[in-house]
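Across the two complexes that follow, chain A remains constant while its partner is chain B and subsequently chain C.
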Partner chain A sequence: MLLLGTITHIKQISRSPLEVAIAMVVPIVQATLAVYLFRSGGEQHRLIEAAVGAGLMGVWSSVLFGSGGAIQNQRWQGTLEMIMLAPRRPVLVILPITLATGLTGAYSLLATLAWGRLLYGIRLDFVHPAAFVVAAVVCIVALGMFGLLLAATFVLMRNANALTNALEYPIWLVSGMLVPITVLPAWTGPIAAVLPTTWGARALREATTGGPVWPSAGICLAISIVCLILGSFALTYVERRARATATLALA
Partner chain B sequence: MKTIRLMTVGGVIAYRALFNWTRPSIFIGTLLIGPLFQLLFFAYLGRQLQVADDRFYLVGNAVLAATLAGVFGGTLAVGNERRYGTLGHVLLSPRSRTAVFLGRALPYGANGLFIAVFTLSVSALMLGLRIPIGAVPGLLTAMAIGSLASAFFGLTLGALGLRFRDVWVISNVAVALLMLLTGVNVPRANLPGWMATTGQYLPITHAAEAARQFAAGQGWSAAGPQLGREALVGLGYAVLAAVLLKVFEFESRRTASLETL
Partner chain C sequence: MGSEYAIEADQLRRTYRGRTGWLRPRRTEVDAVRGVSFTVRRGELFGLLGPNGAGKTTTIKMLNTLLIPTSGTAVVCGQDVVRQTREVRRRIGYVFGGDRGLYERLSALDNLRYFAELYGVAPRDQKRRIAELLDLVGLAGRERERVEGYSRGMRQRLHIARGLLHAPEVLFLDEPSIGVDPVAARELRRTVADLAAGGTTVLLTTHYMAEADELCDRIAVIADGRIQALGTPAELRHRADGRRVVEVEAYGVPDTAVSALRGLPGVRETAVEERGALQLLTVQSDAHVDVQSDILRELAGIRLGRVSSREPTLEDAYVAIVSSS
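Take a look at the complex of A and B:
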C-alpha cells in the first residue's frame, strides 16, 4: 500500500507544472547562484559542495511545500473524506504523499548535479560515491517521514501556508545545507541537532568531501523514525478530533 | 482626478480582497519572517565566503525582500480574477481597465516598501550594521522606487497569466531569477556578461545599488543616476503591463477564452 500510494502520488505531483518548477527550475537557479557565490569567494574547489547543498535545499523545499499542503490539497480536491474513510490507519494513507514529495525532491539533487557537471564542468568526484547514494536515499526517505510530522502538525493550523512559507530559509540556514553551522550563532546549535535535515546534509557532505558518513546517516534516520512515530500519533488524534467535531473538510 | 481615485481606491479594495480571507499570520510568516531569514541566509553565506561585507548583503536583500509582495501580488492581482471567475466582471467595467490594473500595483508597492524597511531594520539590529541617519531618506526613496518597479514587473507577469495557465510557475521562477540576476547576492562584476546585462532591465537592480550607495554615506548626486534608471525600468514595465493586458483582453474576447484555465 505504501509503495502503490507513493507511486500514485509521484505521478500526480510530476504532472503539476508548479511542483516540477519548484523541484527542478528553482534549485537550478539556486545552484547557479551558489556556484557564482563560491567562485566569487575563491572557493572553486568547493563547487561540488555548492551543487549538493543546493540540491538538498530543493529536496527540503519540495518536502516542505508538498507535505505542508498534503492534507490541504486533498481537502481542496474534495478527496480528504474518501482517503480518511479507507479502512487503514491514517499514517498509511498520508505517508505515501510525504514520501512522494521527498522522492520528487530528488529531482532537485539530480538536476543540480547534472547542471553543475554539464554547464560548469564540476567534477563529480565523491570521496565515497556508494555512501553518497545511500546517504541520499536515507536523506530523502528521512525527509519524507519528517514531512509526515509536518503534515500532521499543519492540519491543526488554519493558515499552515504561513508556517510553510516561513520555514524554508530557516531550515536551509540552521541545517548547514550551504552555510556551515559553525559560523551561525551558538543558540542555533541545539535546534540544528534535533533536525533530520542537519544530519542528512552532514551525511551528504561527508560522503562528498570525506568523513564518517554512517553515524550522521544513522542519526538522520533515527530522528526521522521518531518523527514518523510522533506524526502517526498526531494524525490519529487529528482524525478522531475531526470526525468528532465534523470538521474534516473544513479549512 | 476620477482616474486617480479609481487607481488608488480600486487598488486598495483589491489588496484587501487578497488578504481578507487570511489571518495576520500569513502576512507575518510569508512577508516578514521569510524574507528576514532569506537575508540572514545570504548574509551568513557571504560572511563565510568573504564575497562582500554585511552592508552589501543586508541592504541588497532588504531591497530584494520588497519584490515578494510586488511580484506575487502583481501576478495574483490579475491571476486571481481569472481563477475566481471575476475577470469578466472587471473587463465589463465601463472604466479604463488599464487604470484599474495599474492601480492594483500601488498597494503592493507600499507593501514592498514596508517589508524592505522591516527586513533592513531587524537585520541591522541583529547583525550590528550601523546606517547613518542621513542615509534614511535616500534609502526609503530607493526602496520605494524598487518596490513600485517590482509591482509593475509582477503586473506584467500577471498579464502573462491571461495567456498561460499556471501563473505560480511564472512568479516562482521570476523571484528565483531576480535573486540571481539583480546582483543583490553576487556582485554584478562577478556575473557573466549576459546575466549582468539582463539584470539591468530587471527591477531592483539599480535600486539596490542606489540603496548601497546611500548606506555607504554617499549622497543624492552619486545615487541619483541609479534611481533614475530604476524609475525608467519601473515605467517600462508599467507600459508593458498595460499593453499586454490590452492585447490579451482583446484576444480573450476574440477567442472566448477569458475564463479558460
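Take a look at the complex of A and C:
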C-alpha cells in the first residue's frame, strides 16, 4: 500500500509542468548560490560540502511545499474526499504523498551535485560514499515523515500558505544546511536540536567530509518517527474535524 | 446483517456554520438538511430528487461518512455512519458527477490500481477486477492513456469503475450524469440499471426527471432540506392527478404576463423555461377548468409558437411538489 501509493504520487507530482520547470532551474540556482557563497568566504576546499548543503535545501523545499500543501492540493484536485473515503487509517493515505515529496526532492540533491560538477568543477570526493548514500536515504525518508506532521498541522491553519513561505529560509539556516549552526545565535540551538533537518544535514556533511555519520542519522530517524506518530494522531483528529466542519471538499 | 434495509436515515440534520468578514466577523448558519428520514431496501434503486441546493448532496455525504450529521442517525449495511465509519466505508462506493476527483496526469489504469489498493482489493484480485470494470464501462483499450486527455463522459465512466472496485454493497451516485452527453447518459443509465439488477443497492441523486423515472424503484423528492414526497414514480405521478398541463412556446414574455397567468382561475402552477430566444411556459391547472383560452388572452400581443395541452408527467408532479414546499 505504502509503496504503490508513493510510486503513484511520485508519478503525479513529477508530471506537473510547473514541477518539471522548477526542477530544471532550482538546482542550478542552488549550486551557484553555494559555490559563490563559499568562494567569497575563501573556503574553496569546502565546495563539495556547500553543494551537498544546497542539494538538501532542495529536498527541504520539496517537502515543505509538497507535504505542507499535500492536503490542500488533494482538495483542489477533488481527490481528497475519494482518498479519505478509503477504509484505511488516514496516516496510510497521506504518508505516501509526503514520502513522494521527499523522494522527488532527492532529484534536487542529485541535480545540484551534478550541476556543481559540470558548471563549477566541484570534485565529488566523499569521505564515506556508502554512508553518504545511506544517510541521504535516511534523510529523505525522515523528511517525508516530518512532512506528514506538517501536512496534518498546516491543514488546521487558515493561512498555512503564508507560513509555508516563511518557514523555507529559516529552516535552511537553523538546520545548518549551508552555514554551520555554531555561528548562529545560541537561542537557535534548541530549535535546531529538535528538527530532523539539522541531524540529516549533519549526517550528510559527516559522510562528505568525515565524521561519525550513524549517530546523526539515527537521531534524524528517531525524531522523524516521533513526527510520524504525532502526525498520525493529528491526521485522525483532522479527518474527524474536517467531517464535522465540512472542509474535505472544495465547495 | 439482519435488517432488510441497506440504508436507514432517521431525522438527519446538517447545519453548516461559517464566518464572513475580516474586521467584523459574522457567524453564519445554513440549515442544509432539516430532519430527513427514509429507508432503502437491500437491492433497491432509490432516487433522491430535488432542485439545486435542496440538500441532496449533503444527505448523501452524511450517509457515506464524509460529513458528520449535526443531529439524527444513519445506519448503512447495519453500521452506524458516525461510530463505525471504517466498516461503512468497506461496504460502500461513491461516485460523483463532474470531471474532478481523478489523478489527471496518471492513466486510468494507474488511477484504478491505486484506488484498488487504497480500497483494500486483494492484490491477487486486482488485475482481474480492473479488467472487468474497464470492460463494463467501455474503457478497455484506452486504459493506458492519461486521464487529462479523456472526455467528460470517459471520466465519468472511470469514476464509476473506481466506485465499483471493491464490489460495494451500496453505491452512492451523486448526479452522475451531470454534463454528460445524451448517448453517454443512456449508457450510464444502463450500467446503473444492470448494477441494481445484480443486487447492488443504489442511492442516486439527480435533477433529471427522466433518469429518475426510468431507473428508480422509489423516489424521495427533497426541497428546502426536507423530504416533500416519497413513493414509486407512479405514486408520485398521482400527485398531479386532476390536473391538466398547457404548454406555450413564446418569445419575449414579460414577468408581468407570467404573474398574470398565476392569478387566472384554476391555475395551480406556472413555470418558465428559457430555451435561447424561446421561452417555454408550462401552466398546470385543475383538469376540469379550461384555461387555454384565458392564457392566450393574457399573452395577446406576444409572439407565440406551438400551444399544446397534455396529461401531467412525473416532471409536472415534481414541479407541483417542489413548488408547494
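Throughout what follows, the second predicted complex is superposed on the first by the 245 of 251 C-alpha atoms of A that agree within 3 Å, B and C clash if a C-alpha of one lies under 4 Å from a C-alpha of the other, contacts with A are read in each partner's own complex, and residues count from 1 in each chain.
The definition used in the following text is that a residue touches a chain if its C-beta (ideal position, glycine included) is under 8 Å from a C-beta of that chain, and two chains touch if they have at least 3 such contacts.
Bear in mind that the values here come from a model prediction, so they are computed numbers and not experimental data.
In the superposition on chain A, contact of A:Val179 is made with chain B only, not with chain C. When the two structures are aligned on the shared chain, A:Tyr169 is found in touch with chain B, with no touch to chain C. Of the two partner chains, chain B is the only one touched by A:Arg39; chain C is not. With both complexes placed on chain A, chain A has more residues touched by B than by the other of chain B and chain C.
Using the contact criterion defined above for the overlaid structures, shared-chain residue A:Ala21 touches chain B, although it does not reach chain C.
Looking at the shared chain after the overlay, A:Gln12 reaches chain C, while chain B stays out of its contact range. Against chain A, the residues of chain C that register as touching in their complex are 16-17, 64-68, 86-87, 89-90, 94, 98, 100-106, 110, 113-115, 117-120, 162. Remark: chain A residues 17-18, 21-22, 25-26, 29-30, 32-33, 36-41, 43, 158-159, 161-166, 168-170, 172-173, 178-180, 183-184 touch chain B in the complex. The touching residues of chain A, when paired with chain C in their complex, are 1, 4-5, 8, 11-12, 15-16, 77-79, 81-88, 93, 240, 243-246, 248-249. Against chain A, the residues of chain B that register as touching in their complex are 22-23, 25-30, 33-34, 37-38, 40-41, 44-51, 165-166, 168-169, 172-173, 176-177, 179-180, 185-187, 190-191.
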